[in-house]
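Order of writing sets the labels: A, B, C, D, E and F. Residues in every chain begin at 1.
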Amino acid sequence: MPQNADDANGLPYYKPVGRECEVFEHAYKNRLPLLLKGPTGSGKSRFVEYMSAKMKLPMITVSCHDETSAVDLLGRYLVKGSETTWQDGPMTRACRTGAVLYLDEIAEARPDTIVALHSLTDHRRILYLDRHDEEIAAPPTFMLIASFNPGYQKGWKELKASTRQRFVSIEFQYPSEAVESEIVRAESNLDLSQVKLLVQLAGRIRNLAELGLAETVSTRLLVSTAKLMADGLPARLACDVGIVQPLTDDAETGAAVRDVVALVF
Amino acid sequence: MPQNADDANGLPYYKPVGRECEVFEHAYKNRLPLLLKGPTGSGKSRFVEYMSAKMKLPMITVSCHDETSAVDLLGRYLVKGSETTWQDGPMTRACRTGAVLYLDEIAEARPDTIVALHSLTDHRRILYLDRHDEEIAAPPTFMLIASFNPGYQKGWKELKASTRQRFVSIEFQYPSEAVESEIVRAESNLDLSQVKLLVQLAGRIRNLAELGLAETVSTRLLVSTAKLMADGLPARLACDVGIVQPLTDDAETGAAVRDVVALVF
Amino acid sequence: MPQNADDANGLPYYKPVGRECEVFEHAYKNRLPLLLKGPTGSGKSRFVEYMSAKMKLPMITVSCHDETSAVDLLGRYLVKGSETTWQDGPMTRACRTGAVLYLDEIAEARPDTIVALHSLTDHRRILYLDRHDEEIAAPPTFMLIASFNPGYQKGWKELKASTRQRFVSIEFQYPSEAVESEIVRAESNLDLSQVKLLVQLAGRIRNLAELGLAETVSTRLLVSTAKLMADGLPARLACDVGIVQPLTDDAETGAAVRDVVALVF
Amino acid sequence: MPQNADDANGLPYYKPVGRECEVFEHAYKNRLPLLLKGPTGSGKSRFVEYMSAKMKLPMITVSCHDETSAVDLLGRYLVKGSETTWQDGPMTRACRTGAVLYLDEIAEARPDTIVALHSLTDHRRILYLDRHDEEIAAPPTFMLIASFNPGYQKGWKELKASTRQRFVSIEFQYPSEAVESEIVRAESNLDLSQVKLLVQLAGRIRNLAELGLAETVSTRLLVSTAKLMADGLPARLACDVGIVQPLTDDAETGAAVRDVVALVF
Amino acid sequence: MPQNADDANGLPYYKPVGRECEVFEHAYKNRLPLLLKGPTGSGKSRFVEYMSAKMKLPMITVSCHDETSAVDLLGRYLVKGSETTWQDGPMTRACRTGAVLYLDEIAEARPDTIVALHSLTDHRRILYLDRHDEEIAAPPTFMLIASFNPGYQKGWKELKASTRQRFVSIEFQYPSEAVESEIVRAESNLDLSQVKLLVQLAGRIRNLAELGLAETVSTRLLVSTAKLMADGLPARLACDVGIVQPLTDDAETGAAVRDVVALVF
Amino acid sequence: MPQNADDANGLPYYKPVGRECEVFEHAYKNRLPLLLKGPTGSGKSRFVEYMSAKMKLPMITVSCHDETSAVDLLGRYLVKGSETTWQDGPMTRACRTGAVLYLDEIAEARPDTIVALHSLTDHRRILYLDRHDEEIAAPPTFMLIASFNPGYQKGWKELKASTRQRFVSIEFQYPSEAVESEIVRAESNLDLSQVKLLVQLAGRIRNLAELGLAETVSTRLLVSTAKLMADGLPARLACDVGIVQPLTDDAETGAAVRDVVALVF
């Protein structure tokens, strides 16, 4: 595998696709919270890891879901034997230590979670722990970052305007062909010629709007498929289990995607 | 940054937009609860902070949400080792100490929360703590303030008439161009000429009803964008991440707003 | 402020609007439960306070809501250190001590609450505390009173016939102009001429069915506005924050109500 | 008040309207559960009290509601200090002691309640207390009786066929004019001539199907009204608060019922 | 009452209607789970009792309902004073002791209950008690039987195909006239001529599809009615309270069924 | 029963139907999670058991359902007397010990379960135990496998794209006639000629799309039926209780399937 510069510096691998690093630094300097918008597997989480490492900031990740509540983020009392102790949740830990707090898929969390952020995301920068009777002023290094996938269809949860307008926002798209080839190559160690074919395949599938796919091929899928190919699995079989099957359960749609694969490999 | 008078007095920055200060003082004197109605980021919370500080009243804030219940506001029993102690919630603390209690986005709270306010908001001014077997008569300095965003579309919760008619109400709108410029300048320290362009931009976007935005540019967004610009981020990029992206996820709407940005910067 | 007779007797201020006092006394004497029906702010709660004080009966009030359950009313076990003690809820306390129990907005309570009333509201007059393994026979002075707002639109909860037929019922309406003037004057100490204008204003707004208001001006709103005016706030501003804003969030409806205000003041 | 025979025998007052006593006795002798169907206030509960007293059987009543669960009926563990004790619920107590268990409005209870009855209502006559690891064989004197109001409109809960077919069922209707007069007279001590007018009034209202009332005048309402009249409240006012207001909140329907009252009194 | 053979052998009374006993024995021998499908009161539960007794297998019954959860079936920790002990639920007890586990109305149970069965109903025959950190291999005598009423209308719960295909299934129908007469006679001791009339009546009602009954006369209803008649209640009254009233609350449908009764008795 | 090779090696019986073993090995080597898609009873679970045994990897199975939550998978605190101990859930155990974790029917689990997998299924391979304040890096031997039945109709839960794109996926179908015969023969020991008829019967039923079956005959049903036949139950009766009754409750559909049975046996 080709050694890449960041890796040499001990940074996780990340290939910028626009001016996102610049915006991150200005938002950090001005203590503005950041919202990353974009589809599945477009590198939002990796970007946060990369920038945190580069700026030498500790990072705490929370994957939000339907049942993520304020208690989970803020903390709770634990009864151990005859003693009751308070245990900080990840948001409180990030706030105490001045870390980067990354709320992945924030729109999935329960509303109390999001509201708990309000006082942290305006001029106050204070976290209220009513249950622990404590107020924590966020240190200057504390930064709040959230991700959000606006591509989900109707029926998925929306962020309220009163929440969104608290964040500076960056849109993520799938990278250009050249950048994506570089990423897939770096992560899978597959021959460059094969990598290029895979990235071309992704471009073709992404352009087939008529397939009606809920979401299209992510860079992540290309990396998985490339790993299987680099390991010796035949290209068509690797594309079937790494791209076609993850994208659709429908027999006809599957056949259509498989036809595209057959044109490339 | 220009030193402003309130700051000199140790007050948080707030620029009045109408006769809201006068109404606040009369409501306080007559012990009438106050409801602040208005859109996201129009200064409702800042106004309460400012008036509380100006009148030297302690202030307790509760950000309400779907799961804010009366127990959260009134208090609960905590078991610590072999002892059980009662812990006042924020409403009880405000009532005991005669503070200003600010319920942000009251319409989001669960109905038991709102009903717990009833005896506090009529001639009785008493808080009933059934669980703690206690009645607290609110001292004369106690004041209840709530905020509410009526601009949310259908489907969002309404306040019942029996609750609303307990409050004197003030409507908040976005400030005039002159006032808004003053606010953005004071908070961001951006050059006045640039500030004026930003405020003009906001005016144009707010007038574009055909964009169909759920909610339009708040003063808060202008302040964030101004901070990024003052810090050296190019104006168009700052407007993109500070205004366009927070307002919409739709590609076409985004392009339309970006066109307006291009007319100004 | 003019001293009024009841006040002199230590009674809370209440101005009868019909024969409600007579019905109350007969219901009390015959141990029949009483249901007060009527719109927001029409004096139902004040009436119960007044009659209880006049008949020298202790009174216990419960504001019902979506989550009022039988446990809240009947009582619960509390664990304090290594001891478990039973704590009577307000219904049990009223039943033990022979007080007047007032369930405000009973239709909001959860069904188990209402069913817990059944044995108290028929010939048995017994409260069953299954969890405490106890039966309490209500003393002769115990009286159950509930309030209910039938004006709420469809979608609001209804009382079941099997519950309603357990109560003798009185309907409350807004008082006549003369009575309402007397009430507003007594509570606000505003000049009588101004009071009369306010009451006229209320009459005009109540007659504007075409406004489509969910609920119209209550006597309570008039009293708040009168207080602000008596305290020096200009009449139109007082009417705006005390009547127009509490009644509606709609710009057009607000303008229409404000036009009516401008005709009077 | 005229002394009536049952009262003399220490029995609660009950006036049979058909052959319900005979069916009760045969069901009891054959250990068949009994379901009483009928509208609000038609005497179902009183009938069970009367028969239990007449047959000298102890009786335990449970008013079922939306949140009546099997745990409430069967029993639960209570923690008292450092000891945990089992507390029988009413169904278990009835089963242990061989009492009559009366489940009022059984269709309101949660499904686990109803299923807990299954083994008690077939040839097994056993109550399974899984949580207490105990099986109780019901003694011969144990009898299960339930009530149910089939007149509720669509949307109200139904009993499943697999539950209903476990019960012998009796239908209750409002009594004949002669019987109802006797009941109202016995309970209120109102002059017989007045009683007869009240019962006629009930008949007229019950026949007015066009009123569209959810449920019509019950014998219970007549008794309340008769008590108020016997106590000196004028007939029309007594009918208004005792019959008209409990029956409807609609102004037009109320006026129509009041017209019928005016024809009689 | 005529002594019947099974009774003489100490077996509960059961009259086979097809080859269900044979299928039960083969399923048992091959350790295949069994699903009994059929309407209310068609003898499914009695069949399981009978076969268990005949094959001398201990039997544990669980009546499933909306709130039957895996914890109820598998077991839970109980806190008793300062000790915590594990209490096996009925499924665990059956599995440990090699009993017949009968889940009555399995489709009513919560999905976690049904999934807990998966490992027990395939080649593994293992019960996983994650909470107790234990795996129990079912002994050869363990057998799982479930019942299900497919006749319920739409809206009632369905069993998923992945659950159903784990069971060998037997369909239960009401027995033939000769068999049903024998059953009713054996259980009620009513004169055979009367029994035959009752069974004819059942046949007529079952054929009246135009009655639109949710479920029709079960053998259980016939037995109840026969007991009341054998005890001296007149036939028509017995049929009214034992058949007509349990079948319907609708006046017209009731009259139609009563007409059929009048043709027979 | 013919001894088969795998059995001789101590492996559970599994007959490969495609290149699924090869894909499994490559996914394992590249630490890619695996998703098995396919209908009920097509061998997904057996395949995981077989591969785990073959590769000598310990395997932990979780049958997911509507109420499987992250706490169930990750672990919880247990209070035992005066001590509180942490108990690992199955996901944590698998992660600590480097086992194969098989989540059967993953789409049924609650969303918090699925989100808990995110950090385990990307480049991080870390399990975050916020409640236990611990991070576990998965050892190289840890592998995550999930199953999913895409054939369920609308209304059944879907996996989100952001979850699916984390897995390499294999589609399972019912095996070819030759392979299925071999499987049924090996598992039931039924005569080969009879086995072949059964497999032909399955083919015919699977082709009858017009039956509108929710799901068709699985290999599992064929094995059950073959066992009953091998044990002496007549073929038609065995097919009725082993195939027809498990597939449908509808009388007409049942008759149609039974006709197909009659053509074969």
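Here, a residue touches a chain if its C-beta (ideal position, glycine included) is under 8 Å from a C-beta of that chain, and two chains touch if they have at least 3 such contacts.
Fair warning: this is a prediction, and the values are worked out from it, not measured in the lab.
Participant: Moving step by step between touching chains, how few steps can get you from chain C to chain F?
Facilitator: Step count on the best path from chain C to chain F: 3.
Participant: Check the residue numbers that chain C and chain D use where they touch, and answer same if over half are used by both copies, otherwise different.
Facilitator: The interface of chain C with chain D is built from mostly unshared positions.
Participant: Using each chain's Cα centroid, which is most distant from the centroid of chain B?
Facilitator: E
Participant: Quick check for the class: compute each chain's Cα centroid; which one is farthest from the centroid of chain D?
Facilitator: Max centre-to-centre separation from chain D belongs to A.
Participant: Please report how many Å separate the Cα centroid of chain A from that of chain E, as a whole number.
Facilitator: About 53 Å separates the centre of chain A from that of chain E.
Participant: Find the geometric centre of each of chain E and chain F from their Cα atoms only, then give the gap between the two centres in Å, rounded to an integer.
Facilitator: One centre to the other, that is 31 Å.
Participant: Can you list the chain C residues in contact with two or more other chains?
Facilitator: Those would be 79, 82.
Participant: Classify the inter-chain contact topology: is it line, ring, star, complete, or other?
Facilitator: Here the contact pattern is a ring, one closed loop where every chain has two partners.
Participant: Write down the ring's chain sequence, where chain C leads and chain D follows directly.
Facilitator: Chains encountered around the ring, chain C first and chain D next: C, D, E, F, A, B.
Participant: Once bound in the complex, which stretches of chain D touch chain E?
Facilitator: Checking each residue of chain D against chain E gives 19, 22-23, 26-27, 29-30, 32, 35, 37, 69-70, 77, 79, 82-84, 110-112, 114-116, 118-119, 122-123, 128, 130-131, 133, 150, 160-162, 164-171.
Participant: In the complex formed with chain D, which residues of chain E make contact?
Facilitator: Within the complex, chain E contacts chain D at residues 12, 40-41, 45-46, 61, 63-68, 72, 78-82, 87, 89-90, 104-105, 108, 149, 152, 214-215, 218, 220-221, 224, 227-228, 231-233, 237, 241-242, 245-247, 249.
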